[in-house]
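Some structures to go through are shown next.
Paired with chain B in one complex and with chain C in the other, chain A is shared by the two complexes that follow.
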Partner chain A sequence: MRPRSAIWLALGWVGFALLPWFAGSGTQPALAPPSPGPAGSALIDGLTNGRWWLLPIALPLLLALAVTALPGLRARRPAVLLASGAFGLAWITVQGFAIGLDGWASGWLGALFGPLALGQGGFGAGAALTALSFLFLMTNGFAGLGFMKGDRFTAGAIGLVLAAIAAFVFLPVGYVLSGAGDTGSGGFSAAALGARLAAPDIWRLSCLTEAKSCGVVWNSVFLAVMTGIATTLLGLAFALVAVRTGFRAKKLLRVLTVLPIITPPFVISLAVILLFGRNGTVTLAMSDWFGLPASRWIYGLPGVLLTQTLAFTPISFLVMIGVVQGIGPSLEEAAQTLRASRWITFRTVTWPLMRPGVANAFLISFIESLADFGNPLILGGNFEVLSTKIYFAVVGAQNDPGRAAALGIILLCLCLGAFWVQRQWLGKKSYATVGGKGDNGIPSQLPRGIKIAAYATALPWAAFTFVLYGLILFGGFTENWGRNNSLTLRHYLAAFDLSWGPGGLIWSGRAWGSLFTTIEVAALSAPLTAAVGLLTAYLLVRQSFKGRGAFEFLTMLSFAIPGTVIGISYILAFNQPPIELTGTITILIICFVFRNMPVSIRAGVAAMSQIDRSLDECSLTLGAGSVQTIRRVILPLLRPAIVASLVYSFVRAITSISAVIFLVSPKYELATAYIVGRVEQGDFGLAIAYSSALIVLMSVVIALIQFAVGERRIGRRAATPVTLQEKPV
Partner chain B sequence: MSIASKAAGVEFRNVSRRYGNTTAVDDVSFTIEAGNLVTLLGPSGCGKTTTLRMIAGLEMASSGTILIGGKDVTRLPATDRNVTMVFQSYALFPHMTVADNVAYGLVVSGVRKRDAAAKATEGLELVGLGGYGQRLPSELSGGQQQRVAVARALVLEPEVLLFDEPLSNLDAKLRRKMRDDIRELQQKLGLTSVYVTHDQEEALAVSDRIIVMNKSVIAQTGTPDELYRRPKNRFVADFIGGANLIDGELVGRSGGTATVALGRLTLSVPDPGLPAGEVLLAIRPNAIRLRTGSADSAGDGIPVTVRKATYLGSHMEYGLTSEFGDLFVVDPNVASPVPAGATALATFTGDGIAAVAR
Partner chain C sequence: MKSAANWIKSAGFGLGALAAGAVFAVTPAPAKAQGTLTVLCGVQEEWCKAIAVAFEKKSGIAVAMSRKSAGEALAQIRAEAANPKTDVWWGGPGDPHLQAAEEGLTLAYESPQYKELQPWAQSQYKQSQGRSIGIYAGALGFTYNTELLGKRKIQAPKCWADLLRPEFKDEIQVANPNASGTAYTALATLVQIFGEEKAFDYLKKLNENVNQYTKSGSAPAAAVARSETLVGIIFMHDGINQKINGFPVDVSAPCEGTGYEIGSVSIIKGSKNLDAAKAFYEFSLSPEGQATGAETKQFQMPSNRKAAVPPEAPNLEEIRLIDYNFQKYGTAEERKRLLSRWDAEIKSVAR
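Entry: the complex of A and B
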């Protein structure tokens, strides 16, 4: 216990006495001088600049030093470490929130303690290191007192994950809640909150009685229900075709499931515009052949519904394939030996067993649709949904963060509600009927009517999807789609041109900047995501501690928070001290880590549950500690899950839009945000060219990695395949 | 360099392990001598594995003291105890070769690679798997995997070597051979071993001493012979060897024997140390002999009716009905069996009867 506590204690002193306490004049945690006052550590600043409130941090550090250095106090050490860590952490937090840029952060503090001459900036490297040191001193103390079986590693890991989730999920969401009640002058009032939440343009039902549009909540819910039904039916049809028929091109159907992972969500909208927009191929053909006038019908509910169904059917397909495969064919064979016809078997055995899975697929699509941002942004027209309304409340002429926050609360409640229902449903009503043992029989063929229906829905839709992707890949090479279809490389050159200048190679294309930033952010966030996710999975699967269930729920909750809500909450929370990150690359990385973490957790949990616990226990009895066991036994066995998490987080960081569109800055622009910007400017050619480049890039990355991982085998056993199933909304 | 033994004794003092409201091990005390093989025997769910895992340090005692080699290890985690274990599932690391598996414990405790590899080779030879080092565990049969697990546990020269139902995943024939091999190895190296099983025959075959557990507590501790011949209670009498349990009355004692009345009969049994009065007689199935003849000539037996007779080649099995209840009999006399439905006289041989409390 001694060496590690001592190391953390030493780092705590370094953070307190040597490193600059505040972030630089930018908002990056850099070693530059902090904006208010000269550069300096908390110690120097507190002594020379009159920021006296930083000095009490020395107290717990001194206490911890005393118990670590003096052998006489050994017995007290865990309790003292715990107390000093907790006090240090609490003090840093409280002073950080209480004192802002110009003195007291809230008026009542000033009224209580008298005015403060000086304010302070956001936390910098010193503050971060010291806080981390306090956290680990605290968890070491906990373990020393005998909690967590005395395992310091476990205690530290739990502390770290909880602190991270608190700071980067719950704190921002808290800001949304308080932001919605903002009175405009920094105060909070329940009346303001109530007024914003009950605004008529959110809830009104006027579309039922007169020719006006309904409230935005009803729009969102209606759209989500329609999308949910459509995607579930299509997903079910696809799954039945893939699992229960002799369909030849099953591999091709599998390709469908990879598409949403590699495609930025709004790309489908672009393709739909190429077909059905005013200059779309179909629109032009219709007006040529039948004299139908070109209209903007696609902009609005029909277009968004169409694109969302296209975009989320593959996800529903993935869920349903698991459900259909999970039905033990022996059950159906049993029913048939009991003289049930194929149709009666389907109706009385197969369908009831599938029903919970169908409900689950519906809820997943429902949540996806609610949270989707890119498609309604591009195709919504006058049809407003919650996610776009939040966006326009912040970036538009209104710039009303309070209103955005209120809309965010409503969207969050809808998503969490659906998430909660889904978990209840899954927890109580899932039947896994394929046992590990014995002969499971052969899946029975579908009844004729259902088979035809499945083919008739799935195949045209699959063809449609492939046509759209073809359009996207091809569209970037035409001069001006629909009006002038001559081939050109103009758009690709505009985006990705290279030229030689006096200083050597010049990346003169307009897309390079955002592409490089995107890859950098993705490459930095992927390993972090995998690490945090797998660490959490390890805690969930391998350690038992009080409150494990709650811990699991908290980590999974961030899964259900829509991207737009995360985006607005990060803006509200991190554009002011104590944690000031807006406009930096750090905030983009953090955003991706916490958005993609749940997937990484699930991959880790699935893989780790396959590894028999006795392997770790055996390693422990052979003299290896927790850390050594993880390194030598668990990590090597988890390699497929690690790779899956890495790929997934990397790809998601490149393709996602909803949260980051709030967080990008001119300096750190991301590819998706840049493309959406082009679309809003009407520059379709470049947007499509850039999108297809991204899709091709992602496909290559995934293919390469699948190839590398697919080759790994453990002995005669195949490595556990980890599918990239989940997709945060 | 060779594999030696650092055998040490184990002592449990009033150890309990509770999970919430259930108590898996309840106030258990015992001592295991260094160099002995002691079996924890009992029905499924009686707390054997939990006891074993507390010796390993994989489970922490809720109360009580655990000593290994005279040192208090109650709060010491598994990593820091010199105790190794052969797991029921073998727990071979699938991503490491057999040699790496065996060397694992040495490598993580900082032994140089070369020395560890040499010792692993030696360990594999000891269990008869020399030359298999470069295979993966998945390329071995169940019995061979078992041996690798034993070798891996041995090369660390543990103070105590634990086995948790090591033979349960093997077929019957292999089971016999493995248990003899384990016993031979244990005696050759002078190891202290604790062996968990629910199979009483296995326990009788391999153990120096047996600790019989039932419902989280120790039912009886003793050598195989003591447990079979002088069970202390109904549970042990029934669980080890099987017994017909019938009511009798203890009427007197002299020397080391006691006299028990069973109807008109009097039988002598080893003195159970119980007060005179009602007792339960545990009569082994092979302590009863059948004699054909009329019921009233009975002087030294009880009249019975044969309900069922089964021919098993080496012996006969009978189900009998008597005034004391149903009896189960194993009779080596296959030359002149008694047919089902016949009446007969059941007599008792001297050995194989014990009195326990009712």
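Entry: the complex of A and C
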């Protein structure tokens, strides 16, 4: 017996016999007889409290123990491990869903088996550990039978990712989407579903023929395509300027492009209104100087497009820069040696190699735009998009969750379509350029036209971002931004005051509570997100197995669904046993991990498809241990991807609002939820002061992450001009 | 290829252990301590905080308070129905409270302070079969930017009819009734004042002057404050709030009469802290509890007749309040019918 299966089996026994099976207060529902305290394990609880349905879990554990301990059964081991793992997992799941807080979860079960005297609470540490152990016993069994080329790690990792997605994406989303055919009285009808899917306000094209508004799908798609194109071009321009030109203030450029991503929602929209609104600074200046009449052009498509482009360009930049940095100059040098001009080199070599980056950047921006909620909410005017429509179908005056579900299905289909198009465009070509071969070149200069275009796109945008942020930071120090611009520290004091009391330091500012929770959640979820995301990316790029395309799509699912729908679905799914998480900090962390995982995956996939497999093999051939190979070869080459996913998930945990608005509880309030409350109240000063403080905090954290992970150095591409004159080896 | 996969295998255990660690990290902490009262709050955050603190001081019961808009609160209470985590839903327009009562999400409870309340607060109680009661009232009205009006020498709007004047072309904002309870109250008010056909004629003409149907009910008040539009149709206390914040705005009540909201409180059915929930309910009806509103510059009319009326509050006695039929216009069917009609006749022609 390999020790790993044995260790998992031992952990399974620990979870079953020693650890508390149920979580927190769920242990003792009103109907339960006195139990040996909240630490009751499944074994103790099943034997002494009459929760007999927990005892069959021992069966697969015993079976697995038998094949592990008895050498005579060695040949049957994989099949038995597979069967017992599958049975154990299935039993835990079935009993968890069948028996709720007060006995049978549905009436027909009671009718079938007779009434049940007790119920049970949500899964706790014991249940989680045992389920995990069954999962790995099962995947080890699979590998032992020869699936996945017999590779246990791949089998286990795929099993883990799939199980996690099933529990934290499928289950909740399934709860919401099953409502699409709801007839209002609890039944399901295909006709109701059809009517909702075909509603004219979703599909009508009347804006083309007459002066009416178009269907909400066309609005969303048009906006998403425009945002996708704009952000991809800007991200590309920034990446080219940062990597391929002698631009001096590269650091500053990077900071500027990353600023919008670390900005809490509503702040950009607010700043844009104060600049371009009908009473905005720019608008008034334009009307004074050029006599342009003040209008409300900013409300609607132009405003949303502008703010979304501001918000998503950095993500596109983060994806693009990894790819542009990774392009090996040897191919370009080869092209130039063959007398290709700079332009031809760019068009036939550099650009095709950048295609995975372009495609991934576009896909992310497209989906982000579809799912974006805050910007259309503030600046949308009469321009309606799917995400706001879904939100108001749930919380609006009509209160029609079925309609929200139908719109959610349409949104999902759009994302699926975009994903499919991306795959078609990328095709099955190889984009690996970071190989083990001599790679010592210096990247070629950009063709003149491209260079000018990149500068002309990136610099004005950077300047614009700079002005916007200057205004925001300044706004926090003004009495009443836009009306009374005299300077004050009032808002900062209200938010972050400290005072000395008899018991020592008192955090008397109003923002401290939510700030501490926010930092805790972000710091816990960022490394988890990066780990899960990069693991998944590794599976997608380095392993070939059946259904990989489907697997890839599943991982993107949680990203494509608007945050509000995720929020509602998490309450529906995780408010009652078997998985009871509402009101805890855990639900916030899980929500962020699964929501931000896709970006981490994309960054990992883009970076990893550039690294040739021969590198891993080479390191091993030269006698390096496996741990050394990961540490010194793979991870250093993945540094941009690691930075991207850590930064993104940390920042997103701080700035996102729509997914968590239903999940924050009085005990665990988050900064954004607090800020939005201030904005609603019209107290912009405190909102902006708080936001500025968050921006500064996140900048510091990003710098720390960058410092800790470090830069990737490939060949001499980051070389200084002095070493340029050395002879390439 | 084999060797490439080798290091990964060894890494397998490490990653598995990481996953196991993650399981422990995310295993839920024990649920909140017994006896903490969980309240969803539908008014402005300052008021939420103030009443929570006042109640804690008086009763010694710890309160966990979370601010949610009316729609969000209702959606959350619905989603939690099988295993409620909330004890009290306090504040926010009476309509969604009635809906919650209709769906059996809230608990009937009779308060000894019932007799001290204003008639409109009692009517909320009767219509919800005792599952909800009024704590404050706010009248629907107009808010306008005095600076811009002065600059353009336009008279402030005083009546619904004024809003149709040509000088207000493209200068009026009101929320979309499909999204906002405030705007639905406005729609139902117009139907009750003018009759349904005339009301929709009015709305069609008004559509010419509306530059935007906002998504949040109080958004027009903020837009007027920032001079983005001249006039907004809002609950008057939202306008007064902007005025207190230092913006050049004022409010008026329509001369033809106007509708109003009854801010309500309900106890959630299945509350695990029922005694504490009842204590909070009583406190929020008492003059002492209602005084927390004015202390935090919230100027709705309190429902207890003994409670002091803040001088800034729009005096409901001077406003021509219609006899708003919450019974009829609060039902799901009527609501759906009116909203569909609005969608078909007004929204589809909005630019």
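Basically, the second predicted complex is superposed on the first by the 382 of 729 C-alpha atoms of A that agree within 3 Å, B and C clash if a C-alpha of one lies under 4 Å from a C-alpha of the other, contacts with A are read in each partner's own complex, and residues count from 1 in each chain.
The rule we apply is simple: a residue touches a chain if its C-beta (ideal position, glycine included) is under 8 Å from a C-beta of that chain, and two chains touch if they have at least 3 such contacts.
Keep in mind that what you see is a predicted model, and the values were worked out from it rather than measured.
K.L.:
Taking the superposition on A as described, I'd like to know which of chain B and chain C A:380 touches: first, second, both or neither.
P.N.:
After superposing on A, A:380 lies in contact with chain C but is clear of chain B.
K.L.:
Please indicate which partner A:128 is in contact with in the superposed arrangement: first for chain B, second for chain C, both, or neither.
P.N.:
second
K.L.:
I'd like to know which partner A:251 touches here: chain B for first, chain C for second, both or neither.
P.N.:
It touches nothing on chain B or chain C.
K.L.:
Does the superposition put A:136 against chain B (first), chain C (second), both, or neither?
P.N.:
The second partner, chain C, only.
K.L.:
When the two structures are overlaid on chain A, which partner does A:590 contact: first (chain B), second (chain C), both, or neither?
P.N.:
Second partner only, chain C.
K.L.:
Would you mind checking which one, chain B or chain C, touches more residues on chain A?
P.N.:
Partner touching more chain A residues in the overlay: C.
K.L.:
For A:11, decide between first (touching chain B), second (touching chain C), both and neither.
P.N.:
So A:11 only meets chain C here.
K.L.:
I'd like to know which partner A:546 touches here: chain B for first, chain C for second, both or neither.
P.N.:
neither
K.L.:
Is A:296 in contact with chain B, with chain C, with both, or with neither (first, second, both, neither)?
P.N.:
second
K.L.:
From the superposed pair, tell me which chain A residues show up as contacts to chain B and also as contacts to chain C.
P.N.:
Residues common to the chain A contacts of chain C and of chain B are 149, 151, 617, 620-621, 625, listed in rising order.
K.L.:
For chain A, which residues count as touching chain C in their complex?
P.N.:
4, 7-8, 11, 23-26, 38, 100-101, 122, 124-125, 128-129, 132, 136, 149, 151-154, 156-157, 160, 201, 206, 211-213, 273-274, 277-279, 296, 299, 377, 380-382, 388, 392, 394-399, 479-480, 482-484, 524, 528, 531, 535, 568, 571-572, 575-576, 580-586, 589-590, 613, 616-617, 620-621, 625-627, 629-630, 661-662, 664-667, 669, 674, 677-678, 680-683
K.L.:
Once bound in the complex, which stretches of chain B touch chain A?
P.N.:
56-58, 60, 75, 77-81, 83-85, 87-89, 91, 93-95, 104-105, 108-109, 136-139, 152-153, 156, 162
K.L.:
For a test of understanding, state which residues of chain C touch chain A in their complex under the given definition.
P.N.:
Touching chain A from chain C are residues 1, 3-13, 15-16, 18-20, 22-32, 38-39, 44-46, 63-69, 71-72, 74-76, 79-80, 82-83, 85, 95, 99, 170, 176-181, 183-184, 211-213, 215-216, 218, 221-222, 225-229, 241-242, 245-247, 332, 335-336, 339, 343, 348-351.
K.L.:
Which of the residues in chain A end up touching chain B in this complex?
P.N.:
146, 149-151, 612, 614-615, 617-625, 628, 632-633, 636-637, 714-717
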